[in-house]
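Labels run A, B and C following the written order; every chain starts at residue 1.
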């Protein structure tokens, strides 16, 4: 890595929902071109954490700094830098893949939408189906299309909420390839996952979120294999 | 803090009980019987008092809705709800007494008189507001949604009144202000005093009910929270 | 502001092109208004001359009944695949979602009206002799107010599981002043009275439209924030 430019910084993020403290002071740093995985047991607040970062929920306290700018409620410009891939596809089932991309492209103010959308559809292998309403698509195809939707705006930060669930082997390797490609051109990736295999394959470092707090972080390198990582995770969770 | 609040409750209660007896005395014994309408006119004191509280309660809902949107606050949310529930009660009383009045003076239960129709629409808005509060979801979300509706509803009430008045304003006796020429005629000083005292007493009742309602709701929240806590403990 | 408008047009365009492709909602709305007219023709004998008096009211009854069907779909359709979250995470101002939806719903309801009102006149054997320009103006401003409030409340009701049942209960009491004005103004135009009498009602409708457009515009982001 050339220089460590911080793309996303989260300082002491708290969120109270229904009088329950879901996030209690989450702090994270994400460098340019880094892939950071957030793992944790169910109910740890991972999704809430993501929603706050994307701006879908208003945090109760703390700061979110994207590319040196503090995110406020209405900062459309910073939201444009974030590509959010959620549990659901956010796609309109009556529209065709091309129409879906065109619609989101317009909202994200993408230039030369058509050529870009076509190119992306080729990349994710849906070019043949570009004029078929996506109602009939399988979960794998939908996920590929939502990846294309996220990539459309060339986000500087990718936020992926369990992107591997329900994908077959081909789709997983395609997704991993795209993520790595993006990483190489300097996109930062924040990844929530339960799938340790994929985390190990992709991430540069991993953070454990439990009960609304980051309890441990570790860099992932060659000598931390899957077994060791699982050990480390279960130790961290039971201690924290 | 708690002692002060229960002291206020007690003072309110001890003020309320004699006030009501005085009010009953004023209405039924002290104030003169109206010449045209006879004894039926007595219902007028209850009618005006509850109508005043019905509209007041609604603007209290509006006020707490605005406060809630600026900064979500459990207490304001509860106050708005309690006020709306009491509002439904007094709107209903207003409608019923208004209908009895209409039957006695114009020989029809429902006269499409502007103020009465406005009250009816107010009743519907109140009920719709309470429907929103019954939705499931976190209280912050419900607070936001119901506050938004409360504000819109509040904006609507004066427009409803104007529209209906414009549409049809023949029947209601205008008691104050516009002289003795109106159909309802003027008002005797004893009647005015009784009326004002009735408005005062019913407003006092409103404040008392509101405090009690809010307290019950608060207890409900505490019980619910404890229940959830216990369930979580048992589950883990 | 320019961005809000262009995003709103994008969203409205998406909704409308979607609708013109499937014609599901608009078809149901047209059929439903025809059915309402049919049922009313049983209730009021159309060959009776005095029935002309109910025509202005019928225009608004069919508009509201069929319009509510469309409004119900407006935000519920966004819940499939959680598209609404997609819109909210997009770099747009949330009020453009409201404006876009209002625009789309307004277009839909006006299209339905251009079919259903002539059908109403036809079946009730009514010969239109009033001023067409004023009639259109009154219908449009009444419909606009209806859609402004309706779209807003449809977004609010979409948070509930039983949104189809909730929406009419929320919407109708708020519409009452608008409907009084709309029906009165329409009556004046249809029975060919002095147009100047209708102007007061038209002003009331315009004031209602603008007031609620402003209020809904400001309050919309609070509805979207939740969950």
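Keep this in mind: a residue touches a chain if its C-beta (ideal position, glycine included) is under 8 Å from a C-beta of that chain, and two chains touch if they have at least 3 such contacts.
Keep in mind that what you see is a predicted model, and the values were worked out from it rather than measured.
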{"item": "Maximum centroid distance from subunit C, chain identifier (CA atoms)", "value": "A"}
{"item": "A-B against B-C, pair bridged by the larger set of C-beta contacts", "value": "B-C"}
{"item": "Between subunit A and subunit C, centroid-to-centroid distance (C-alpha), Å", "value": "40"}
{"item": "Length of the line joining the C-alpha centres of subunit A and subunit B, rounded to whole Å", "value": "51"}
{"item": "Between subunit B and subunit C, centroid-to-centroid distance (C-alpha), Å", "value": "32"}
{"item": "Shared interface positions of subunit C, touching two or more other chains", "value": "225, 227"}
{"item": "Multi-chain contact sites of subunit B, meaning residues that touch two or more partners", "value": "138, 140"}
{"item": "Shared-contact residues (touching 2 or more other chains) in subunit A", "value": "none"}
{"item": "Interfacial residue positions of subunit B with respect to subunit A in the complex", "value": "74, 138-140, 225"}
{"item": "Complex interface listing, subunit A residues touching subunit B", "value": "17-19"}
{"item": "Complex interface listing, subunit C residues touching subunit B", "value": "149, 152-153, 156, 159-161, 166, 169-170, 172-174, 176-177, 180-181, 184, 200, 204, 207-208, 211-212, 215-216, 219, 222-223, 225-227"}
{"item": "Contact footprint of subunit C on subunit A as seen in their complex", "value": "54-58, 74, 76-77, 79-80, 82, 84, 86-95, 99, 103-104, 106-109, 149, 153"}
{"item": "Interface residues, subunit B side, partner subunit C - complex", "value": "69, 121, 124-125, 127-128, 131-132, 135-138, 140-141, 144-145, 147-149, 151-153, 155-156, 159-160, 162-164, 166-167"}
